[in-house]
Structures are given as structure tokens and as C-alpha cells.
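Some structures are shown below for you to check.
Note that chain A is present in both complexes that follow, paired respectively with chain B and with chain C.
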Partner chain A sequence: MQILTQLVFSGIALGMIYAVIAFGYQLTFATSDTLNFGQGDALMLGALVGLTLVEKLGLNYWLMIPLVCVFGVLQGALVERIGVRPALKIKSEFGWIMSTIALGIIFKNVAENVWGRDDLKFPSPLPESPLHFLGANILPMEILVVVGAVGMMLAVEVFNRRSIYGRAVVATFNDRDAAKLMGINTGLVITFSYALSSLSAAFAGVLIAPLTLTGATMGAVLGLKAFAVAIIGGLTSGMGIILGGVILGIAETTTGFYISTGYKDVPGLVLLLIVLAVKPAGLFGKTAIKKV
Partner chain B sequence: MTRRSLVLAVVGLVFVGGLPLAVHNPYYIHLVETIMIYAIVLFGLDIVVGYTGQVSLGHAGLFGIGAYAAGVLVMKLAAPLWLTLPAAIAVTAGFGALLALPALRVTGPYLAMVTLAFGTIIQILINEMTFLTEGPLGIKIAKPSLFGVKLGEQEFYWVVLLMMVLSLVFVHRVLRSQLGRAFEALRGSPVASDCMGVSVYRYKVYAFVISAGLAGLAGALYGYSEQYISPNTYNFELTVLFLLAIIMGGRKTRTGALLGATIIVLLPKLLDDVELFRYVAVTIAVVVTAGAVVWVQRGKTTWRAAAIPVAGSIALAGVSFVLETMTDWRLSIFGLITLFVVYYLQDGIVGFVRGVLDLRPRAEAFDEARVAPVIGDAIANAARDMPDELLSARKVLMQFGGLKALNDVDLVVRRGAIHGLIGPNGSGKSTMMNVLTGIYVPTAGQIEFAGHSVVGRSSADIALSGIARTFQNVQLFGEMTALQNVMVGLHHSFASNLAEVALHLPRYRREDAQATARALALLQFVGLADLSHEEARNLPYGKQRLLEIARALALDPQLLLLDEPAAGLTAPDIKVLLAIIAKIRDHGITVILIEHHMDVVMAICDTVSVLDFGQKIAEGQPAAVQADAKVIEAYLGGQAVSGQAA
Partner chain C sequence: MRFASRALAAVALAAGVGAALAADPVKIGLSGPFTGGSSSMGVSMRDGVRLAVSEINKSGGVLGRQIVLVERDDEAKNERGVQIAQELINKEKVAVTVGFINTGVALASQRFYQEAKIPVMNNVATGSLITHQFDDQAENYIFRNAAHDSIQAPMVVEEAITRRGFKKVAILADSTNYGQLGREDLEKALALKGIKPVAVEKFNIKDVDMTAQLLKAKEAGAEAVLTYGIGPELAQIANGMTKLGWKVPMIGSWTLSMANFIDNAGPGGEGARMPQTFIQEPTTPKRQSFIIAYLKMFSPKNNRIDSPVSAAQGYDSVYLLAAAIKQAGSTDGPKIKAALEDLKTPVEGVVTTYNHPFTAKDHDAITANIPVIGEVKGQRVVYAYPDDQKKASEVRVKDPNAKGALTIQK
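Entry: the complex of A and B
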């Protein structure tokens, strides 16, 4: 029982990371019906840039976070400009899928050449001695992950709901053409959504880095599993991804413990296949009516 | 096949086949062997990507399954080659069917992610199922024996060549047949495919299964060729590489697949040799710059648009002189090439060359003599033994959320009649069509066609039972020719299976000849005979509508639903259309006609039903309906007639 509680707590922390990355998918999907297939690599870059800032420049972890966020914004805007905008202009779905994949591969390869191929240890900003709660050990860092993830998503939600810029985002989501006719620069809104999306990924990167190892290959599977979360939760449901993330996180830690760590990525991916085969709109999403 | 291409094929075959006799360096033989193996994967991948238009990121996984199926059989059972190759094909095809299951529900980015997840799972399973696969250690496979003779590097090369040529012929024949047309139709318009009796579900599965089988064959050959297989080969990069090869070579051409395979095999070798790469990079920069200059002068592009590829290629050349070794940057260069291809070379190298030389893909060659003459005007007479009430819909309710698009509508259509369905925009006419053809399942109510219920059956099934339709927003298969479009409608007339298609057995040849003749005759009937080899998307709008009618007639329908056939037609075209509809009726085919042109409706309809806000408000003879107060109110607004409009 104690072990199970332990697994549940680690699962929740992990799940919140997935939720944040999935949130990034939702942001870009909302404005442009596109996804960044290199989302995992955005996370990886955020973590590695954060590591350099902390280790090489001796920056404090907390001061590093805003800088990494700025980096994420720039990286996301770059992806949108190079990979997505030209494809949207020629209305090519294949185009943006391939170009965001290509950019992801480039980012990963650059990271391999800059930071090396080995996984690196990210120093923890909080004490690494666990707290005891309900008989389980919880790392302070895990609590920070949960708080940070929820805070991040709340901040963006409040921005979208309260500010005039956020309303532009929502309007673009509802009807891109109508928003354009109302004088909203939808191109800019899409760039902005990519910037926000990569920001959340980079932020998730520095949150999770102290708990795992950091390296060029850390992003790929994370990005894929976060997509599973986005699908399970539904690409339009905010609560859905948090729940989906937690479900997946716990499924993964328990699989890793009870079966084998080698198989820990399997439940998420299988869940993705099943949900898409049975209810493609996700457990919490709305089914779109096809028009003929 | 024309004489010229036959000669070319023979020369190419002799050249590639004779290579091991001329070149004794095993390195080069192995290189060409790898190209041929990749080409087999790409032939298969092209079916999914090029023809059905789905993005598959799972083909490296399928390739791996093929390799491991052969590897495990060799390791555990010491199975011979004639057993391992079919087994690898069968096992991988099975996994392809599995992969197709989610693909039935989703498309585009979702499908890309699903296939990516599939590939990742396969890699994990290969890694973890050590009892079967030896996990990360990998499996050693010796070169196989055939008829008791151990194959050497040279002999195995010929085995691979034979398999490649067989795959090429197989894929080519399948894609030219009714199966290939079905695959391509899925891409053009899934809805229209279903309504032509070509089940999108079934043919997506077929496409994935055939594609996977080829990947499996290639995987098995790859295992023998490398003599060692390990899980890390079949990773994400390989899958992206396959996709890159397809789009770079050129979709929907076998030449493109061969070219793509050559490029992705040779490029890494090129990057290993930085000296050589510098020469190539400079050449590319010069060619791109020169090309851009010519292009701009011809007015085909602007300086702004040309600036990016020019700057990119020059930068690449510059970088190649800065870096000491390119090997580490291999993936970045692949990434850059992918970006370049996606934006500047969408039709691939083959498509680009065709564009520059102004070559159009050869029209499907058919022998005029082979095409059997069609007696009469190609339209099949409707069956006489149908009930008098051919179609009867009772209390049909179609609800979208709170909106009742159809509210308890009754509709009875008599056999042999032309039944008009009119009403203001948004009154539910097209919804009715979609309900009748199974695109929507009604929330409540019964629909009977020829004595059988339609509710809950799939569109393809309904279409095959005798309801054909056209669409308000034209739904043609754009990249296919007019002839091919009609031949998709004739899909039901083919009974030949995959083997008959691949071997061109008599039944397939007969069916193909008959279908071609019927299709040409149908095109002639709607007056498009001289446009039969034009791509549907290039036809003028009015002709596209006529083509839709020809395609629908190919289904040999009992009931034909025409959704605004006169929309966008000029006055003379409408006359032609009226004549066509009259002739269709003369064959005993019942017609439901949605139309806004009242003169058309009044001229040819026997009965007219009027819908408004999802309810039937009037029905009867055209003249009576035209004079009905409620109908006038619905069209012109209510004040004049009833005082207060709702």
C-alpha cells in the first residue's frame, strides 16, 4: 500500500508535466488546427538551456526560469515562422507535419552536437531529502512540479479569458476567417500561440529536469506521450488534460514498478491507440459534425 | 507499356543485374542492394502516402517487424528462405491491419501521431521481448541457402533484384487496377468514395496491409543483407527518412521511389566524405542560384520567394567548409533537406522534372481494340421488379444538438418518377440526401429503400444496393482523370481479386476492358468524351457537375439523387442537363432532384416536396405546389400572406 501511494504521488508529478506539454498542443491546435511535432524537442531545449544557465553562468534556478521562458517564446516563434506559416499559406497539412518534424530533428541534432550525447544531471534547487506524507516519500521537487504546472496553465487561462489579447486568441480559435475580418491579425495570434506553446514546454523542461536526467533524446517520447494525454483529454478540454496526464502518469509509474521499466512507455501509447480507435474526439472532447 | 519504356526497362535491368559481374567490390554491391531493399519499402509506403494521402510514421516499425520475423525464424527454427520471406510478409501484413484500425477513425496529424506511437511501441517490444528477439543484443543472420546452395553476396544480390522487380510489377499493376483507383479516391474525397460503393474503411485497411506486406518483405531481405539486426535500426529517423525519400523522389511514381531510395542511401555516405560533400554543396549552390535567376527572369517567381533557397544553399556550402566532419550533423542536414523539399519541391524530383520539361504523366494507355464496344448509351436499365414505392421515409428526425435539421419528415418516392425536393437554404434538403445515403444516421424514423431498411447501414453498402448521388459541393477525385473518376463508380463491376490483378489473369483483363468501355460510353453520354484524360480538377465547373452525374450512373443505380445539378450552369448547359435527366428517367431510373432553378423543377418533375425549417410544408404536382400559400410564404417571407411570420 505504501508503495502504491508512493507510485501514485510520483505518477501525479509526472502526469502534470505531460499535462503542461499537452496544454502546449492545445494552444496551437486552438488557433491554427496545427500541432508542433517537435514539442518534445522544445522541452528538451528548454531544459538544456536552463542547465547551461545554471551550471556555466552560475545563475540561480529561480532567476533562470524567466530566461528559459523567453528562450521558449523565441524558439516557438521560430518554429511557427519557418515550419507552420508557409504550410498554412499553401494549405498543406502534410507540409506542417513534415516541417515541424524536420525542425524537431534539427533541434535534437544541434543539441547533440552542443551538449553531447550523454545524459546530464540537473542540480535540484530544492533539498533532495524526501518529505513523508501518508507513509510515502515525496520529493519537494515533485510538489514544485505540480504547483508550477497548475500555476502555469491557470496563468494562461486567465490571460485568455480576461485580457483583450486573450480574447483575440479565443476569437481566432472560434473562427479564423471571421476573426481576420474583424481586424485581428490572426497570423500574429498563431505565432503567439506557438510562442506560448514552446514557453510552456520549456518551462516543463526545467521543472522535470531535476527529477530525471537531461539530454538531447529526452524530448521525443515525452512529446509523444503528452500527445497521448492531449488526445485522451480531448484537444479542446482544459480539465481533460490534467486528468489525462494524471491517469497516464500513474499508469506509467505502476507499470514501471510492477512489470518492467522497459515497458513504462507502453501503456500511454496503447491508450492513445485505443482512444483514437474508439473515440477520436477524446474522453472529454466534443465530436465535430462533418459537413458534406 | 510502350516500346520505348520497355527498352529502357530492359537496359536498366541488364545494367543493374550485371553490376556484380563488372564490379567486384562487395561494398558497392551491398550499397546497391540496400537501395533496392529501400525501394521495396518505398513502393509500399507510396501506396499509403501518395495514393491514399495518409501520413505514416510507422513504416520503420513495419520494416523492423519484417526483419525480426525472418530473423527469429532463422534463429529459432533455422527456416529456409522460401519460408522466411512469405512469413515475414504475412506477419507484417497482419501488423499493418492492426495499424489500420485506428487509421479508420482518424486522419492527418492524428494518424501521424498514431503511426508514430505504433512505431515506438514496436521498438520497445523488440527491445524488451528478449525471449524472442534477444533484445538489444540483436540477432545474427547468415546469408540464406536456396535449393541447397549457399548464397554468396553476389547471388543474394540477384535475389534482392528479383524481389525488387517483382514488387515493382506488383505495385504498378495493383495501382493501375480498380484497387489503385479506390486508394486514390479515398484521398480525393472519402465521402464520395463511400457513396460510390468504395468502402473507405475496407480500402484503407487494404492499403495498409499491402503496404505493410512490402515493408515486411524488404525488412526480411534487409536482415539477410546486413547479416545482423538490432532494435535501434528501426527508429524514428529511419521512418522520417522513408517519408523524405517518397516526397523527394516524387509521389505516385515508381521512378520517384527508386530515386528517393538512391538518395537516402547515398546521402549518408556522401556526408561521411567531407571533401566530396564540399564539391556537391558548391554544385548545389550554383545550380540553385542559376535556377533562381532563370526562374525570376521567366517571371515564374519573385526575388523575395527565391531568396530563401538561394541563401540556404549558399549557407550550406559555406558551412561545409567550416566543419571538419559532417557525420555528426547528418540529421540536421536531413532536416534541412526535408524543409526544402516540403516547400520548394512538393511534387518531388520526378514531378519537378516533368514540370520543367512540360511532360504530363502519360495518360493510362489503353488499346482501342481491346475496349469492347458498348451497345446503346451505357446506362443500365433499372430493375422492373422493384416495389412501386421505391423509397419511403417515415417520421425522419435528424437532430444536431438542439437543432432539428429534419423534423418528422415523411417522403415517398414512386418508382420511375422524378421527384423534386425544394425549399429555401437551410431547410434540410441536403441533410435529407445525407440521411438517405447513410452519411448521417437519423436520430429517429424509418427509411425503406426497395423494401429494405437503410437506417444504420454504411454509405458504401447503401450505394451498392442502388442509391447513387451527386453532391452540392462537387466531390470529384481531383487528381484523377475524368475516365478514372467514372471507373471508380464502376468499381462494383470488378470481381477479380488481388492475385488476378497482380498476374493480369483473363478475368481481370476482361473486367478492365469492359469497365473502360462503359466509362468511355458514360462520358460520351454526358458529353465529356473528348475530356476523358483530363484531370477532374482542371475541368470547368459545369463539366465537373456533369462528370459527377456520369460517375453516379456508373453505379447502375435504381435511385439517383441529384443535389443542385444546375447550380453554376449556363443556360445552354441547363438544356443539356434537362435532356440528360430525361434520358435517365427513360431508363426507368428514379430521380430525386434538389434544385433552386424553378424552371428546371417545374419542367421535369412529376412530384415536388417542399421543405422549410426541417419540415415538409407541401407536396404534390409542380403547378399545385407553386401556387401553395405556405410555399410562397417560405420563399418570399410571410407578411404578405399570413400577417405574422414566425
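Entry: the complex of A and C
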């Protein structure tokens, strides 16, 4: 029982790492039906910028977070302006896929040149000794990731539901042309959603960096796993993303323990295939009927 | 005017030919990962090589010619290594090549050198197969001055089972060629002691969570964890142990001495033990002058060489080749190879004194009696046993009959 608790705890912590990244996919999908495939790289840039602020400028971890968020906003807006807007303008179905991937690769190469390709340690703002809880161990930093992820998602959900700007976001998702006719600057809304998505990625980066290692290649594997989470949970549901992440995380740790560590990535991907076959909108996504 | 320019051209031509005759430099290729997860080994090796080359050049070069290094970053990728091998052979026309950190890259690249009859000195890669890849051919151009896995795995087992008395051990190895070949060697070495590991677990490069692997080892009652992997993931294992509040000794291949393991694992990495051919301590005059010169030339952080073993072996590899070129009196591949297989004058290196280090059949300079066990202590690698440190000034030389190595089967 104790083992299972430990596996579940570690799975939740791991899943939350995936979920915070996956959340960024959901944000842009919710306004423009497009995804930023450079999400993993936005995360990596956020973590590395954060590391530089902490190590080189001697900034406090908590003071650094807002600055990294500002950086994320600028980076996201840049991606949208350069990569996504031209594609949306000509109603290209796939242009944005290529351009966001290309931008992601460019960001990675820039990071390799600026920070090198070695994995660096991100100093942990919290004590690194584990806490005991229900007979299992958990790191304070893991709790922070869970709290940070849930907090961020709640903030965005509240923003979307309560504020007039949030309503503009929802309206843009529901029907971009109608929203435009109603006087909503949909272009700005989409830019905003990209900025918000990279903000969440950059925030996720500094949140998880003390647990993972920090380096130019950290985004690749995590970005891909997060994409699987976004598909499993559903791209239209913030809550689905959290649950999708937790499911994938727990699937990985329990398979690793009960079956074989060599196969730990398999069940999550099998689940992905099943979800795509049975419920393509994701476990918690709303099936949208597209009228042509 | 026309005459002047012609005269100038003629002079330039003459000067060019003259220079070529007098001091056409000896080109040495250098292939290793200077970026990425293996870079602490690659960069230290490169710096060791650079140091040796600059020393040799200062004292007049070899055969009266200066040595020029042609450095290439293989990024620890097999396909990059192959491209670089072809470039160095066909375009740069190197006389010899040193390097290779990654066993996979070495195995993929060296057949081009073998075909071109250009000797390769592997100074870091440890895969047992490396020097035996071309056993079926009449001549073998692949040499090595690093402790291969057939030495390292039994040393790890000897340390865990015999010296420390552990009965139950778990193996954690990464899913690369390096990790899985090493795991096989560990299992073989354990079997010779009549022990079966209680858990054998795998992890991928870039894995961020080791809970499942460690819990399995813990549940199986492992008293020690034997590792085969590289720095960043080894650090995740140490961090995972801290998290689970389960602390057993980590004993593994020499990669536990990598700076990116020591730095990323922090206090969790203290006490890890591994075989080392060189420990950054001035135990002989040669080692002292090497350490001083290295620190002066490259000033690494906290005066700690990122991977002392790689630096020392990189340094030695150049001196071995220089001695062979001198003896051969030529930069012709087959002649250098013949000289390496029958080196007449001993070469005093940092790791050991190389007295007839190679023969036609044996292309490994390091035997099981040379490495010692190192331990991570205070963020550096030190001698694990005071006895080894006391006796460190007696240089351990190659002993072809040294016991403890696994027999290599191809």
C-alpha cells in the first residue's frame, strides 16, 4: 500500500509537470484552433532565462518569476506575429504547424549558443529534503508544482468566465468571424492567447526546473509528453488537461514498477491511441460539430 | 608592372614550397562531443589533448614538424561521427585521429579509419568491443588508452561484493549502447561471484523521474545500486534516492566522476564510488606538472578538472602517438601502427608509464591492475582508500596477466 501511495504521489508530481506544459497547448487552441508546437522550447527558454536571472544577477527565486512571465509574454507574442498570423491570414490549414516547429528549432539553437548544451542545476528555492505524508515521501518542490499548476489554471479559467476580456476569448473560439463582426479585435485576442500560452510555459519552466535539469534540450521530451496529455485530456478543457496529466504520470510510474521500467512509456501512448479512436475530442473535451 | 607581379607570384610559390618542405605540419584529427550530456568528458579530453600538443610544439614538434589539431564536435551522435571521420580522412588528410567519448560513435566511425589505414587512439570510450571490432582482419588500426568495460564492470562488482560485503545489489543502466553493454558486463561479473542482481532496471536519457526504478530496487532489498549511465541521469537517480529517503551506496562505472553528475546530484552524490585511471592529486612529479599546466591553461571552475580521467587520457594519447611517429620516422599510417605495436622507448604519461603498451594482438594500454576506486567527497573525486593514495606515487604499469578482467567475446 505504501508503495502504491509513493507511486501515485510521484505519478501526480510527474503528471503535473506534463499538465502545466500541456495547458499552453490548450490556451492557443481555445482561440485560434492552432497549437504552438514550440511549447517545449518556450518552457526551456523560460527556465534558462530564469536561471540566468537567479545565478548571474543574484535575484531571488520568487522575484524572478514575474520577470520570466514578462519574457514569456513577449516570446509568445513574437511567435504569433511571425509564425501564426501570416498563416491565419491566408486561411492556411497547416502553415502554422511548420512555422511554430521552425521557430521552436530556432529558439533551441539560440539557447544552445547562449547557454551551451550542458544540463545545468537550477537552485531549489525550497528545502530539498522530502516530507513524509501517508507513509510516502514527497518533495516540497513537487507540492509547489502541483499548487502552481492548479493555481495557474484556475486563474485562467476565472479570467475566461468572469472578465469581459475572457468572454472575448471564448467568443473568438466559438466563432471567429461572428466575434469579429461584434467588434472584437480577434487578431489581438489570438496574439494575447499566444502570449498567455508562452507565459504559462515560461512559468512552468521555472516551476519544474529545480526538479528536472535545465538545458537547451529539456523541452523536447517534455513537450512531446505534454502533447500526449493534451490529446488525452482534451484540448478544450482545462480540467481535462490536469486529469490527463495525472493519468499519464501515474500510468508511467505504476507500469515502471509493476510491469517493467523498459515499458513505462507504453501504456500512456496506448491510452492516447484508444482515446483518439474512441473519443477524439479527448476524455473531457466537448465534441464540436463543425458545420461546413 | 607585369614583371613585378609575376616575380611576386614566383617568390610566393617558392616560399610556399619551401615552407612545405621545411615544416609541413602533422595533422591530428580530434573527434569528441564538446556539447551535450557527454560534454564534460569531451571538453576535458580536448583540453588534455590541446595541452599535450602545445607542449610538444613548444619543444620543437615531432620529426621537426609542428602538430596541428583538426577538432570536430561529434555531438555524441553516431551519424555526426561518421561524417567527421570521412571529412578528416578525405579532406583534412589527418595522419592519426584521437578521441571518441561515446562507444556508439567510435564503433560507427572507426571502420573508415580502418579502411584508410589511419591509426585511431581511443582515449575515453570504454566499450569492450572497440579494440576488437576488426579482429577478423589482418591488421587493426584501432588502439585505446582508456579502461574498457571488461575491466570496469568487474572492478565495480569487486568493490560492491568483496570489499564492501554487499550481498544484494540492483543494477540501474540507461537504455543506450553504453548502458546496456555495461549492464551485461555487470551481470557477467556478478555471476562469476555467484550473485544474481535482485533488480535490473532501465531508464531513458532525459528521464526526470526515477521513482519506479528505485522503488523496485528498494523493495527487492538492494543494499547497493550499481549504475551504468551518464552524468545527468545518474544525478536524477541520486536525487530520486534523496526524495524516497532511501540512501544506499551508488557504485558504478567511471561516469560517476563526471562534473554534471557531481554538480546536479549535490549532497545526494556524495560517497558514490567508481573506477578511475587518474585522480586529480599531484601524486607524482609528472601528474603534478600536468595538473598545474592544465589549471593554468584552462582555469576550470573551482580548480576542478571537469573530468580528470578524460583530460589525463587525452593528454597521454597524444604523447603515445607522438612517440610512435618519432619511432616510425614518418606519418604514414601503417608505419605508425607498426611503431605503436612495438614502442621501443617507454612513454611517461599521467595515468601510467607506457612500457610496450601495445602488441600486434593487444591494442589496450590499460589493464585491470591500473585503475583505482575513486569516491565523490566534497564535490570532487578523491581516492576512496587511503592505501591507494599512499601508494599512488608508485606508478602502476601495464600487466598483461592482470587478473580481474572479463574475457571479451565477440
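Just so it is clear, the second predicted complex is superposed on the first by the 266 of 292 C-alpha atoms of A that agree within 3 Å, B and C clash if a C-alpha of one lies under 4 Å from a C-alpha of the other, contacts with A are read in each partner's own complex, and residues count from 1 in each chain.
Definition applied: a contact is a pair of C-beta atoms (placed from the backbone, for glycine too) under 8 Å apart; a residue touches a chain by one contact, two chains touch by 3 or more.
Every value quoted in this text rests on a predicted model; they were computed, and no experiment measured them.
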Partner chain(s) touched by A:Gly95 [first = chain B, second = chain C, both, neither]: first
First, second, both or neither for A:Leu213, with chain B first and chain C second: second
Touching partner for A:Gly262 - first (chain B), second (chain C), both, neither: both
Touched partner set for A:Glu112, first chain B, second chain C, both or neither: both
Chain B versus chain C as contact partner of A:Arg176, first or second or both or neither: neither
Partner chain(s) touched by A:Val221 [first = chain B, second = chain C, both, neither]: both
Touching partner for A:Arg85 - first (chain B), second (chain C), both, neither: neither
Contact residues of chain A, present in both the chain B and the chain C interface: 112, 220-221, 260, 262, 265
Partner chain A, residues of chain C touching it in the complex: 35-37, 39-40, 175, 201-204, 206, 208-209, 211-213, 215-216, 219, 231-232, 235-236, 242-245, 260, 263-264, 266
Parts of chain B lying in touch with chain A, wherever the complex brings them together: 55, 57, 101-102, 104-106, 108-110, 112-114, 116-118, 120-121, 124-125, 127-128, 191, 236-237, 240, 243, 247, 328-332, 334-336, 338-339, 342-343, 346, 400, 430, 434, 439, 471-473, 475
Touching residues (chain side chain A, partner chain C) in the complex: 3, 6-7, 10-11, 13-14, 17, 112, 116-119, 121, 128-130, 132, 137-139, 211-213, 217-218, 220-222, 252-257, 260-262, 264-265
Chain B-touching residues of chain A, taken from the complex the two chains share: 34-35, 37, 82-83, 86-87, 90, 92-95, 97-99, 101-103, 105-106, 108-110, 112-113, 220-221, 224, 227-228, 231, 260, 262-263, 265-266, 269-270, 272-273, 276-278, 280, 289-290, 292
